[in-house]
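The chains carry the letters A, B and C, assigned in the order they are written, with residues numbered from 1 in each.
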Amino acid sequence: MSPSTDFAQTAQQREAARTIFERGAPGRRASHLPDIDVPTRPRDELLPSRFRRAQAPKLPEVSEPEIVRHYVRLSKRNFDLDSGFYPLGSCTMKYNPKLHERAAALPGHSRLHPLQRPERAQGALELMWNLQHALAEVAGLPHVSLQPSAGSHGELAGVLLTRAYHEDRGDARDIVLTPDTAHGTNPATVTMAGYRVVGVGTNADGGVDLDDLREKATDRVACLMLTNPNTLGLFDQNITEIAEIVHDVGATLYYDGANLNAIMGISRPGDMGFDIVHFNLHKSFTQPHGGGGPGAGPIAVSDRIAPYLPVPLVSRTETSVGPVFDLVGDRPKTIGRLRGFQGNYGVFVRAYAYICSLGGEGLRRASEVAVLNANYLRALLRAPGVGEYLVTPFDRHCMHEFVVSGGPMKRELGIRTLDLAKRMLDFGVHPPTVYFPQLIDECLLIEPTETETRETLEAFAQIIQEIMAEARSSPETARNAPYTTPVRRLDEATAARSPILRQPL
Amino acid sequence: MSDYTSLTPEDLATMLATIGVDSIEDLLGAIPADVRMRDPLDLPAGRPEQDVFAHLRELAARNTSADDEVTFLGAGMYDHYAPALIESIILRSEFLTPYTPYQPEISQGGLQAMFEYQTAICELTGLPVSNASLYEGPSAVASAAYMAKLANGRPEFVVSRGVHPHARQTLATVAHGWGGRVVEVDLREGVTDPADLAARLGPDTCAVIIQQPNFLGAVEDLTALTEAAHATGGVAICSADPLTLGVLEAPGNQGCDIVVGEGQTLGNRLDFGGPSFGFLAAASDHVRRMPGRIAGETRDVDGRRGFVLTLQTREQHIRREKATSNICTAQALNALAGVIYLAWLGRKGLPELGELMLQRTAYARARLAALDGVELVHSQPVVREFAVRLAAPVDAVIAACQDRGINPGFALEHDYPEYPGGLLVALTEQRSRGDIDRLADTLADVLSMFVTPVAGAEASR
Amino acid sequence: MADELYPEDLRYHREHDWVRLEGNEAVFGITWFAQDALGEVVFFEPPAVGALLSADTSYGELESVKAVSDIYAPADGEVVAVNDGVVGSPELVNSDPYGAGWLVRVRLTNPAGLDALMDRDAYVAYLAGLDQA
């Protein structure tokens, strides 16, 4: 079977890249602004010349059809989730329901100014309140802030909340623990919040090394940041004991919600002992990834952390005419604001629509099928022809994602995980996450999600079979892949050494 | 109700058999019993699409949007017109649904869009390097401050009170984490006075932060202010309104080292405050300290022009605890809307929009200043927003105007107690002369309700 | 094969840095193993001339496309020169790690500290041990 591809070698896809600044001609334009309908005043009277722009920014001069054709053609150089399988581990690339765009576009939501008086934004505030309640339910922690704009923003909130908690008790601490399998945002966040990172080891079962944790959990530790299931796709069975160790030294336990898709309705971080949880609404809750955002990273916290939550918070008061919602800023122990206004409300609308559609039972089923799909794909990849080369390092069921090591593939077939990923591009699928977590040699982290059909998983396993078979006879094919994409392997070294970060105009 | 899965009983049976278990429950064995949920999630049952849509529509109906009133409310986000071509492009699956471009060969659409966006931001700001977006305006100010800290390690940030309250608050929250302290400089006659600023600067000053135009709508003298910042070796940071940069000089050409701002007005919706995007541009010295993604141009093995994420060693996935920021997901789709909008507005359109706003704002300011019970807070040059002082309770005036279909603006005194009775009025190309006249008439009408009639005038009728 | 990759006249540090002794001065760089692990080097930020380096501590960083690596001082010294050639063309670290890819020259402040370093054969054995770990 010859590789199929969505990137057929048409003239359009293979044409040389031209930016929007290289299109158009002097005098063309798309916008038509209203005429100046007020009595005009002399320019210099309104704006002294020393403040005036000497030269207008060299924006494009293009017509509307030129703009549309340019960006539509550009879009065809992108692979996307609606077009094909996208098993990027740790990213939860599940289907983005189209209802959500229709709902988010309603003018009552999309044309609402953030500083509209609360009396005239009751629908929005009620939506936020309901979303908060749903997230609190999923997390098992009662107090929610929707303010953070992404997962890593939620992490920053969590560590700053931890700092406020300890400072309020007059208890200065200087260390935050993260496992060595942690996503890079965790240690980066720790530094931004003014703490020092100390890594905690992983045991042979893929969980936190309890002995290492006991040794490192001192009263200088402010927090342990964990994901559960972890970035290896494994649920840490010692979680209750981990929580005890951490709480015994007075530290907080932070849950990175990137892997929440495995456990919605099945287990709750609050019940595991976590104090602070962040959610990635652009992962489990279907906000489209947009090529790198927008997302949202709301947090849920326990009673003892609640006083420090960022403001404003949504309040609900029962009155004789029904519930009235408001935004509250007057909270004496708050850490303050982490951004302007209330957060990414447009993302809340979409996540809320998802939760309304699924209900509690649907969320649970989504997690169950996510776990099923991952285990099925993992089983398929153990078949002869693949399983010898991509070994699963842990001999237990995975949760919603799993890792394989391409070490044997590298040693025996002479192709690396990178080459395997590039060759997959010719077969019309997005590769899994590669080289993360760093603990696993030549790692692939594979997360199919629950919205993929059985046939899609089987087809993916079949593609891997073919690539392995091809590598046995001609490894150089994968080493020089891809062949059918709009561009082939790119020179990232020169791009880093001599960066060209804008078009010279 | 749909959970968007496709699992049939046949699928389930085959899959369980292949895995070698009897049920999905067998796959969850690693979860200890004492943390398994005993009861289902306490949430309303799932509903079909038509019911969910009806519910979202009902919630929308209880919000007064910019479609429901003639609005002069600004204060950081503005009711500009975003042309229809934007959503027709950004809602395409190819832009809407992919992840961050980790495999550049199949992400040239998104990467080139980032490169184009970066180019546009550099043009607007007058600085040579831009990243591919941050979350929004106020947190971009905090990010710029962190960059300055990485540059010179000093502890103090001197911020004008002309900077948006949300940006000042966000900076204070975040700086507390990395041990920075924030000091404010008051406004004098509506602007930041260079002598006042210089008096607060010293060897501890990490950076100076100014907004252009400032929160009261006034144009700041960036050249003088950045000179003061540089005199003590501090970094000059400016938060700028991008749609004023067609008529205002680029902050990068007036001594600013880092320019940030709120991108909502560039083709993005109001959306009750988000998602929008923040932009950040800087002088070349700072490039390796910049947060967020950056796209760069390069060639592929066949010599074909292409784009990649570059300078990734700044970022969290490589540098981890030494990263320049923790940003992973940002606001790529909103930045795409931004560059499409700037292409639509075009080389002529951006300055034209600036001139239109200048003229209409001047007209609105003159009309309101002529009303009884209205005074200007300051007479500085303004571009699109200005502040007045009302001789009446501002919140009540706003409510009464809204009952008449006009939103007159933002009540200043909650954030600026030094301007009691203060109202901030914003203009966009959407507010016509007729709208402005209606604002003036409505305000006059409403204010008269609050002004006590003079006893003598009453008696002599 | 190992003999070609690791010159005999150098001394080696366990963090994969080498030293060439030149009287009371020494030149530092990274070994073939280190540049191979790092990949194509794209950026070198040198310490300032006059900076004091301590043995076993990091004095700078080398960046490749996908990784950042600390550079460790094999011995105590004061920086007297940095290799601007590498600053301008970082790939020299890959193509000529012991020659044109040198990083800093120092005036040794504690020459006795060099005794703690490995000779070529010891370093090659050390590398073999890492491979099996």
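Simple rule for what comes next: a residue touches a chain if its C-beta (ideal position, glycine included) is under 8 Å from a C-beta of that chain, and two chains touch if they have at least 3 such contacts.
All figures in this text were calculated on a predicted structure; none of them were measured in a lab.
Peer 1: Higher C-beta contact count, A-B or A-C?
Peer 2: A-B is joined by more C-beta pairs in contact.
Peer 1: If you take the mean of the Cα atoms for each chain, which one ends up farthest from subunit A?
Peer 2: Following the centroid criterion, the farthest chain would be C.
Peer 1: Which chain has its Cα centroid closest to the overall Cα centroid?
Peer 2: Most central by this criterion: A.
Peer 1: Which integer distance in Å separates the CA centroid of subunit B from that of subunit C?
Peer 2: Centre separation, subunit B to subunit C: 46 Å.
Peer 1: Which whole number of Å gives the spacing of the CA centres of subunit A and subunit B?
Peer 2: The separation of the two C-alpha centroids amounts to 21 Å.
Peer 1: Just the number, please: Cα centre separation of subunit A and subunit C in whole Å.
Peer 2: Distance between chain centres, rounded to whole Å: 38 Å.
Peer 1: Residues touching two or more other chains, restricted to subunit B: which are they?
Peer 2: 312-313, 318-319, 322
Peer 1: Give me the residues of subunit A that touch two or more other chains.
Peer 2: 492, 495-496
Peer 1: Which subunit C residues sit where two or more other chains touch them?
Peer 2: Residues 42-43, 63-66 of subunit C touch two or more partner chains.
Peer 1: If you look only at subunit B, which of its residues touch subunit C in the complex?
Peer 2: By the definition above, subunit B touches subunit C via 288, 312-313, 318-319, 322.
Peer 1: Report the residues of subunit C in contact with subunit A in the complex, numbered from low to high.
Peer 2: Residues 39-40, 42-43, 63-66, 90-91 of subunit C touch subunit A in their complex.
Peer 1: Using the touch definition from the top, list the residues of subunit A that touch subunit C in their complex.
Peer 2: 435, 492-493, 495-497
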